[in-house]
Structures are given as C-alpha cells and as structure tokens.
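Below you'll find a set of structures to go through.
There are two complexes below, and they share subunit A, which is joined by subunit B in the first and by subunit C in the second.
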Partner chain A sequence: MGALETVTVAMVAGALRVSTPFLFVSLGECLTERSGRINLGNEGVLVLGAMVAYATSYHTGNPWLGVVAGAIAGALLGAVHGGVCSLARVNDVAMGIAIMLAGTGIAFFFGKPYVQPVAPQLPRLPLGFWASAPPVKSALSVSPLFFIGLAAAFAMHWFFRATRMGLRVRIVGDSADAARALGLSIDRIRLFATAAGSALAGIGGAFLSLSYPGSWNEGLSSGQGLMAVALVVFARWNPLNCVIAALIFGAAGALGPSLQTVGVTKGYYLFYAAPYVVTLVILAATVRPGRALRGMPGELSIGR
Partner chain B sequence: MSALAVEAVAISKRFGAFTALADVSMKVAPASVHALLGENGAGKSTLVKCLLGYYRADEGSFLIDGREEIIGRPADADRLGLGMVYQHFTLVPAMTVAENLVMSRAAVPAVIDWGRELAALEAFMARMPFRVKLTAEVGTLAAGERQKTEILKQLYLQRRFLVLDEPTSVLTPQEADEMLSLVQGLAHGGSISVLIITHKLKEVARFADDVTVLRRGRFAGRGATARLGAAELTAMMIGEPQVPASLQRRGAPMAAERLRVRALRTAGDAGRPGLAIDTLSVFPREIVGIAGVSGNGQKDLAEVLGGQRIAESGEVIVAGETYTATRAEAQARGVRVLPEEPLRNGCVPRMSVSDNLNLRSFDRDAAGAPRLWLDGAAMAERARRMIAGYGVRAPSREVPIGVLSGGNVQRCVLARELDGEVQLLIVANPCFGLDVKAVAEVRARIMAARNGGAAVLLISEDLDEILELADRIVVMHDGRIVHQTPAAGADAQTIGAHMLGSH
Partner chain C sequence: MLSRRSLLSGAAAGGAALTLGGGLRPAQAATLTIGFIYVGPKDDYGYNQAHAEAAAMLKKMPGVKIVEEEKVPETDDVEKTMESMIQLDGASLLFPTSFGYFDPYMLRTAKKYKKVQFRHCGGLWTDKDPMNTGSYFGYIGMGMYLNGIAAGYASKSKKLGFVAAKPIPQVLLNINSFTLGARSVNPGITTQVIFTGDWSMPVKEAEATNSLADQGVDVVTMHVDGPKVVVETAERRGMYVCGYHANQAALAPKGYLTGAEWNWITVYKMFLADAQGGKALPNFVRGGLAEGFVKMSPYGPAVSAEARKHIDAIKAEMMKGGFAVIKGPLKDNKGALVVPAGTAYPETAIQLESMNYLTEGVLGSIS
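Moving on, here comes the complex of A and B:
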C-alpha cells in the first residue's frame, strides 16, 4: 500500500472511531442548546461518564452496563446544571465551567483506583471481514456505539419535528415569550433537555474508556466536550448535520497518528492539533460580526 | 360557535399605592367591534389583562353572556372562549405556521401525525376568509401575515371573543385596512365579538361600532362611534378639547447637499437581505422621511449612520467628506442621532440624568478642545439648563436615567442631541410609545431643528408622522429604496403599496 492510501485508510478509520464521542457530545449539546441553554459542562460530563462506565464495567464484567451507568452519571450531573441554571440570576456559561471542573474533579478523585485495572471492553463489529489487508480490516472494525449514535441523530431529528416534547423544546429554546403564552414550564423543559443531553455526553465518555482509546486515565479526554460546542454551531443546531461535523472532526483528529504510521517523523505532532485548527477555522468562517447565525435558538444566552 | 357578550362592571386594580384602574365599566355587545381608546398608561392593558386572567381585579366583576364568571388565571379565559392577539406576537419565529397552530392547542398528541394534521389544517383554512401558507416559517412572514396568523390561531382555538392589542402598529395602511375589515366581517357575521385596544382615532371611526374611552385609569366616556366625532373623542382621551398645534414649516431646503449615502451595502441578518442603497441625499433645512414596514432595512440604515453597524461597502458623505461615525467626526461636523429605543441605544441607563445629558460634550471644553478632567460645575449647569428647557420631569439630576418614564428619557436625549449647532440629525421612531402631548412636543422640536437649518433624516414606521413632518419621502423595501416623492401631495395609499413592494 502506498503512503497516501495508508493515510486515507487511517483517516477513514479515525473518522469512524474518533468521531463517536464527538457525535454523542454534540448531539447532547444540540439538544440542550435547542432548549435555549448552553452547557459548557459537557467536558466534565464526558470525563465523569468515562470513569463511571469504566468502573462499572470492571466491577460487573459487563461493558454495556458501563455505558448505561455512564449515561446515568451524565444525566445526574446535567440535572445539577439544569437545576442551578433555573435559579434567578444564574449565568449558564459560568455555571457550565463550574460543572466542567466539578465533573473532571469528581472523576479524577474516584477514578484513581481504576487507572491500573483492566476492564472488559465493548465489542466491535468486524465490517472489514471481506478485506484482505489488515489495516483495512482494523479500520472497519467499528464500535456498535457509532451506529447507536447515528440512530440517535435520526431519532433526535424526528423528535424535533414530530413529537409534542420535541416541539416544546424548540418553543422554549426559540421564544420564551411564546412558551409562557402557551403555559409551558420553561425551567422544567430545559432541565429535561439538559439532563438528557448530558446523558448522551456521558455515553460519549463511555466510548472513550470502553472502546477507543479504551482505558481510563486522567488524560483521556482531549477537549471533545468543549469542541462539541463549536461543532453544534457548525452543524447549525441540526442533529443530522452533527453526524457530518463529527465525522469531519474525527478525520481531522486521525491525521496526526496516521502520518506517524507512514513514517513521517518530524512535525507530525503538529497535525495532532488538526481538530483544534479545524475548530478555529470553522468558527471564524461561520461566525461573522454584525450578523445573527441562521438556525440559532433565539433564547441562547450567547446570542442575545 | 357564536359571539359572546362581555361586560366589565366597576373594575378596580391597584399596584401598591398606584391605582391603575378605578371603577371602570365597559360593555361589549355580541357580534360587534368595540374600541377601547386611551393614551399610553390610561389603563387599557390593565383592564384587558384582568379580563383574560393575567391580573386579578381588586374590585368589580366580569359578565360573560350575562353570567358572572370568575377569571382567576389565563386557563379560565381559554375555557370561556376569550382570546387575545398581543402587540408583541407570541408565535415562535423558527417554527412553521402549521407547527405553531398545532402546538397552540390545549391537547397535543405525544407523537404528531403531520399527514393528518396538515389535512385538517387545510380544511380549516378553506373555511377561513383569509389564509396563510401552512409550511411557511413564521419568521419569514411579513408583519401583516404574522398578524393574520395570530388571528387564525385564535379562530382555530374556537375563540368567541377576541382582543386585539394595538393591532395596526406594525402594519402598512393597506394591511391595516385589510386586516380590520376582515375582523369586522367576522364579527358582523356573528362568529366573534372583537375588542380593539388602540389610540388611533381613524381606526375607531372606520371599524368600531362602539367605543369606551379611558383616561388615567378612569372611565372617560362611551358611545356609538357613529355619533362621536374626532374632537369629542380626543377631548375624552386627553381631558381637554385641544387640537395639537399644526407645525410651522419655514423656508425651503438649501442647495448644498449635507448628507449623501452612496452604494451602501450591509450583510443581512438571519435570511433577511441587508442594505442596498445606491444613493440617498439630504439637504439643509429639509426633512427626508424614510417610510417602510418594520424590518426592511431602516434599522440597519440608522445603525450605520449612528456608528452601531459596519457597512460592507459604500460611502457615507457628510458635508462633502467621508463620514465613518467616529466621535471626533460627529463632534466636528455636528452630526446628532436620536435613536429608536433611546434608553437602550442612546443612554447609559445606570448613569445619572446629568451624566447622560453630558455624554456628547463631557470630554470637550467650551472652545471644543479635548479636556482631561471633567468640569463638574459646567456639567451640572448644562444639565440644569437642558432639564428646564425641555421640561424633563425627574426627581433629581442625580437619579439614574433608567428610572425616568419613556417620554422623559426621550426629552433628555432630544435635549442633548439638539444642544449646540446641529448640522445633520438622524431620527428613528422618535414618538414610539409617547403620549399625545409628548408626541406633539417632540415633533415640534424636530421641525424647529429643520427650520434652524439642520438636515434631518427621519426614519419612522408611523406613516402619518412622516406625512406630517417630511419635505420629501423615501420608501424602503428589502433594504432598497423603491420610491421617492415630495411630501406635498403624496398619497398614503401609493406609498403603502411601495412599502409592501407590490408596485
């Protein structure tokens, strides 16, 4: 295989693998932001979800129970965020940073004993069974969580379009005045959206510790939770676009490691920064001064 | 489904020591259009909010079809079939008309079968005297269409008594006429009774059967509109039979162009087109009125001229030189701005009245040179002079300007902006939300500035205001100038057609 092919295969593999946590966190952030609230705490939720999932998998021997536990931990932390933000004069951006620090702090504190032990990992689907080249085979061994994430994106799209709850989330996120006139409980709906969104972010964390990279340590997350906020802007608050955005970010994240495999020895670590550069470029390209973003929920605090 | 008779009997409502309504009665006959007339702050909204369950009246009662009903919360009003179309629309801009209608129902199924709902909505629309595209996103509709959607929503909810709160304030004359005739048709057809909250006498005379007038929270008169003249209604509204003095226009525009806008373009917001003005001029001793339906670029223009928005391309020329709205340029060339929502756009709400009155000049001494230390005595003196000269009613010079009433904030900003030599005055919706007296005063000041030699660009959503003040009228639609005409002999209907972009 030529170098170009190798890099391409590695980037496809990366797109499928690295994108999964991006997908879950951005879907979660999308749900929360569509209700008119921003959650910067998803970085903390991600790390806490990773730790809880890893510990649960280790103790029960069942990695799927770990995923569920990660989601529950995420929902609880999200509910704290949602609950505190519904109090008067609480700023959701500041509170989100507090949740981020609290989540990572709690995870590191309780996660210390799980750094050494090895927990059972999630299975992978061998979609590359037809290929003979081992890199292609390994590139196409995809976690079922990726497909669950895809299904979640389509489900969320349907949820926003055709369910009572989904439309209520949109009303609350777009016009608090209209929501009040309809007699909707704004705080309760936002609390639900924040908790459910954080549950998705918790699943993203479970993927980190139980699939790829597949271990628990303090350097596990590389800011996916924060970059999800940029991803949602790029995706124009549309769950289906979140899939595309996550794949692009995943591919960018795989650029550095794949260059390393073809023997680029100098400067490849610069390409590790690719996802962050992509984040900056996308934000700069999509956010223009003096112009409101299309698709942005009207009640979002950063937009008013 | 038939129209309701609604009667308010001796309603009183107090907020703390302030009496908002004192012993007010009103009787709306079934299948009629009733106008509730009064100035801002006369208690019209309070009365209606009591009726719809948003407030609880302290005394008095409401009779619906002759039966006394206790309306403690909005849900009670819903149940009785009482509905309201608010001045600030309550539709969700990012959702379609169909989504808004379905979600407004009391009972919405957990999963919405859009095929069936759309079929039912189409059938409903077919029965209505006017329709709106169901798949259109509300945010993309013109104000008139949005208002129609609001009314359709109330009919969809099977309301039998409908309150319209200042329904025509955001509409063109054509849209207003059309909408009010439709509503009148619905009422006279027997399906609803309508209460219109307004301060526009013309609408009362043309569309209402009966009228109730409020003044400062008290009942001030009632009667059949056929038997009441404009003078009588005005007297009831403001308590004295005074007609605002007509404005004196002195002298003709001068020849040397003071403001010239050339090839100005701005980026649009949220799907709306930005500005695309090829050329626009204003001459000294001239008022150019910019007419247009809200959201057609007038706000962008005011913001560019006032330095609040950056143009993508094009040029603004004041007195022959490029103008970029810096503080130094504004001071040197006498450019003053009276922005809309002056408390937000022209004041620092938490700073004192005195400080706000000095915002234009605190950093210059009498000779116009920059100064490092503030001259407290001179600032206080200037504030005192302005407060006296413009009749600002404030508890003291030192209270935050944010506590003053809208009229007094507007007086303060006027006093500051018209102080000294004014070469060019940019004015946006100067009378929005002011009472009759304040409106007359503000318009007289603007006219005086014009007579004194200033070039005035008046941006207003109130076409009557433009017709009264302007020497020349310019109509904007979709960010472009689509029509220009001298104000003398201008026809409101023609201008309205251009405002709609349908000419």
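Moving on, here comes the complex of A and C:
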C-alpha cells in the first residue's frame, strides 16, 4: 500500500474506532443543552461510566451488562446535576465542574482494584470479511456500539422534530417564559434531559473501557468528555451534525500515529493538535461577530 | 500576589528553622520513615507499579515506615509533597521516582532540608549537586537488547514497532538497544518508532499499536508508563509483544515473548541497610542484570529454542560485565557517524545517559 492509502485507511479506521465516545457524549450533551442546561460534568460521567462498566463486566462476565451499568451510573450522576441545578441561583457551569471532579474522583477511588484485572470485552462486527488486506479488515471490525450511537443520533433528531416530548424539551430550552405559559414543568423536563444525556455519556465511557482502547485505567479519558461538550457547539446543537463532528475528531486523532508510520516523523506534536486546529478553523469560519450562535438554545446560561 | 508568596515562603522557612533548630524530631533510631513519590497510579502494570511493589516489600521489613503519594505531577506539586512528607510525616529518606522531579524540584528541596536524604530514580547526579541527593537507575537497555533478539527471531515481516512516550535519553537508549538486538539476528530488520507525546495516553497508544499493525509490523514493544493497553491491543491484532517495566505475560498469553523488568527491591534494600547501619548513602547507584536491578520475564510459548539459546548466551555474557550494546562504528538513522570505530560504551558508560540520536535501522525522528 502506498503512503497515502495507508494514511487514508488509518484515518477511516480511526474515525470508526475513536469516534464512538465522542458521539455518545456529544449526543447526551446535545439533549441536555437543548433543554436549556449545560452539563460540563459529562467528563466525570464518561470516566465513571467507564469504571462501572468495566467492573460490572469483570464481575458478571457479561460486557453488555457493563454497558447497562455504565448508563445507569451516568444517569444517576446526571440526575444529581439536574437536581441541584433546579434549585434557585445554582450556576450550572460551576455545578458541572463539581460533578466532573466528583465523577472522576469516585471512579478513581472505586476503580483502584480494577486497574489490573482483565474484563470481558464487547464483541465487534467483522464488516471487513470481504477484504483481503489485513489493515482494511481490522479497520472495518466495528463495535456495535458505534451503530447504536448512529441510531441514537437519528432517533434524537426525529425526537426533536416530530414528537410532542421533543417539542417540550425545545420549548423549555428556548424560552422558559413560553414553557411556563404552557404550563410545562421546566425543572422536571430538564432533570429528565440531564439524566438521559448523562446516561448516553455513561455508554460512551463503557465503550472506552470495554471496546477501545478496552481497558480501565486512570488516564483513560484524557479530556475526551470535555472535548465532546465543545463538539456540541461545533455541531450547532444538531444530533446529526454530532455524528459528523465525532467522525472528524476520530479521524483527526488517528492522523498523528499513522503519519509517523509512513515516515512523516517530524513535528508529531503538531499532528496531535490536528483535532483542535480543525475545530478552531471551522468555528472561526462559521461564526459571525455580534450575533448569537445559530442553533443555540435561548435559555443556555452561556448565551444569556 | 507578591505579598502572599513571600508570606508563604516565610512560613515555610520558619517551619524549616523550627524543625531543624528546635529539635522537634529527635533522632529516631527505632523507625526510619521513607517517602515514595510516583508520577502515576501505582498499579499501572508498569513503571510506577514496579516501584510500588518494591515499596510494599520494604514495608514488611522491621523498623521501617513507608509513606506514599501517587499521581504527583512533575511541577511545584512535587515540592509540596516532599515538604509535607518531611514536615508532617517525619520522612528522612525520600525516593521521588519520576524523571522530571529531579531538576529543579528535588534539588531545590534538598538544599532546604540538608538532613534529609533524597535519592532520585533516573536522574543524572553529578558531584556539583547537593551531597544529600543522589540518583539510582538500572541498565534496562540491556534487557531491551535481549527483547530485540527475541523479536528478531519471532518477526516474519522484519518490521518491528516501538511505542514510545517522549524522546528522552533513556527512551532513545531503549529504542536503539531493541533495534540493535534485532539487527544482530538479521541486519535487514527495521524498527518503526511512534512517539505519543506523554507518559500515559491510552487512546493514542492503542492507535499507535493499530497503525503499526496496519503497516505490517509483527512484533511491538514500548516505553510508556503503563504498557497494558499496548500489550492488549497487540495481542488482539495477533502481533508478538515484548514487555517492559513489569511482567505483562498474563495480558498476552499467545504473543508475549519476554520482557525487560525492573527489580527495584535490590536497590531499596541496599539503601535501607546503609541507612539503618548508620552509613552514608551512596550518591550515584547504577546496576544491571548482574547486580539484580533488572531482570527478564520468563519466555513465552512463541520463543523458539534457537532464540532461547541465543538470548541465554548473550545474557550470560552480560552477567560477566563489560558487554557493550552501543559500540562503534555506529551510524544514526540520518547516516552520521555517532560512535567511531574502536569506541565501545558498556552499560556503565555515562555517555549513554545523554543519548540524542536514533541508530541506523530505526524509522522515526526525535523532533
């Protein structure tokens, strides 16, 4: 294979391997923010979800139970965030940081005994069965969670567009006054949206520990949860855009290692910064000064 | 800001004066408090675990109290940790185990607490540094050379991979030793190195291992803090893997060839014996396979009888002392002569601790 093909295959493979946690966390954050609340705590949820999923898979021998447990742990932590933020004069950004620290702290504390053991991993779908080249075969061995994430993105898109409940979430997120006039329970809807969003982030964590890289340790997330929160802005609060944003990030993340294997070895620190450069460029190209971001829910505390 | 800082340093200096001058800590002959500081979690299947396992063994010995702190960054934080171990726990011997702790943090703290002994893992101590400091390290490059021989026999594609954190001298020596070991079996072998940029980056380490596999690399080894992810990913991709820091055979029952492991308890027992016997601790301690500072993992099932024989023979030669992996004529991977013919650097050579090149046969660059 030529150098260009190698890098291309590596980036496609990277997109399919690395994007899933970004996808789940950004979808979860998208749901939460569309209800008018920010949850920076999803970084903590991601780490806690990873730990709980790994521990559950290790004890029960069933990785899918681990995914469920990761989602439940995420939902609980999200419910704490949602509950506290519904009290008067609580700032959701500050509370989110507290949740982030609490989530990682709890995960590190209870995760100690699970750093060494090896837990059963999620299976992968061998979609590359037709290919003869091993790199292609391995690139196309994709976790079913990736497809579940895709399905979730389309489901969420439909939920916002076509369902009564989705409309309620949007109203609560765009104008609290309108929601009150309609007699909607703002706090309850936001609590639900935050808990459900964090459950998705917890599944993202389960992917990290049970599929790729597929091991629990304390450096596992290295800030991916926070990046995913930024991706939501990048995706303009649209679930389908979240898929594209997550894929771009995954592909850009594979650039550094794959360029080194084909002999582009100078300046690898720069290639590692590629995902962030891409974000900056796209944001700079699409934002106009003096105007609120297109698609931003009106009730978000950073927008008011 | 200025006033707060000066207030704080004044308070610290006052505290130091009190402890030293006021004799708050009378000589405690009975128990010796030893502080261990790790940069990462102490159960990382790697560098920190190798130290922590030795610390746990030390803890069982009579007259010793161990205080530990993990995940201490290589910043001002380590100074605070050292101060609190000295002031609050009464530690009189400290082992800051991460490379970046040495200069300036440990040296600065050592000047402040002259009665406390500091021994750093991996630093390059010289006689210009305070006499209550020192450094110790093991010649694990020798183990990497043996890893390379095992890899050279196991590889079919003649392409090896090395997942490395940062291009510091010890890492470069390991990459070069691994490559030279493999090329001693077959001079056509190359090693592709990938730098991840930091000591613990699980996703990047997995990506690096995968892209090596995609390139046809069939034996991989690593120098990162926690080799677990690389070893597991390699096993999943059907590659062979050589371990580092600790024994990772359990993580790759099929592909694990052998591994270069630390055996720190030898070093710590030696320091402890000197401290308890009232002798001055040595400032500069180095040792390799012969001294028991470093050991090899037992062979995995994929190591052929021929490879075992070859490795055992070279190992026996290393045990005699004086074996040189880095010897002239040696070119770097840009074609420049880095070691002239007739010059050989055995493991003890101080020149190896400032290595700044990748040898011929390594694909990669350090900047």
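Quick note on the criterion: the second predicted complex is superposed on the first by the 287 of 304 C-alpha atoms of A that agree within 3 Å, B and C clash if a C-alpha of one lies under 4 Å from a C-alpha of the other, contacts with A are read in each partner's own complex, and residues count from 1 in each chain.
Here, contacts are C-beta pairs under 8 Å (C-beta built on N, C-alpha and C of every residue); 3 or more make two chains touch, one makes a residue touch a chain.
Worth saying up front: this structure is predicted, and the values here are computed from it rather than measured.
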| item | value |
| --- | --- |
| Simultaneous placement of subunit C and subunit B on subunit A, clash or fit | fit |
| Which superposed partner A:A10 touches (first subunit B, second subunit C, both, neither) | second |
| Partner chain(s) touched by A:A181 [first = subunit B, second = subunit C, both, neither] | first |
| Touched partner set for A:Y272, first subunit B, second subunit C, both or neither | second |
| Subunit C versus subunit B, contacts on subunit A by residue | C |
| Subunit B versus subunit C as contact partner of A:P144, first or second or both or neither | neither |
| From subunit A, separation angle of subunit B and subunit C (C-alpha centres, steps of 10 degrees) | 130 |
| First, second, both or neither for A:L167, with subunit B first and subunit C second | first |
| Touching partner for A:P120 - first (subunit B), second (subunit C), both, neither | neither |
| Shortest CA-CA distance in Å separating subunit B from subunit C in the superposed model | 24 |
| Subunit B - residues contacting subunit A, complex | 74-75, 86, 88, 90-95, 99, 102-104, 108-114, 266-271, 309-310 |
| Complex contact set, residues of subunit A against subunit C | 6, 9-10, 13-14, 17-18, 108, 112, 115-116, 118, 134-135, 138-139, 208, 212-215, 217-220, 222, 224, 253-254, 256-258, 260-263, 265-269, 272 |
| Subunit A-facing residues of subunit C, complex | 40-41, 43-45, 71, 192-197, 200-208, 210-215, 226, 228-229, 232-233, 236-237, 250-251, 363-365, 367 |
| Subunit A residues touching subunit B - in the complex, by the definition given at the top | 161-165, 167-168, 170-171, 174-175, 177-178, 181-183, 288-295, 297-298 |
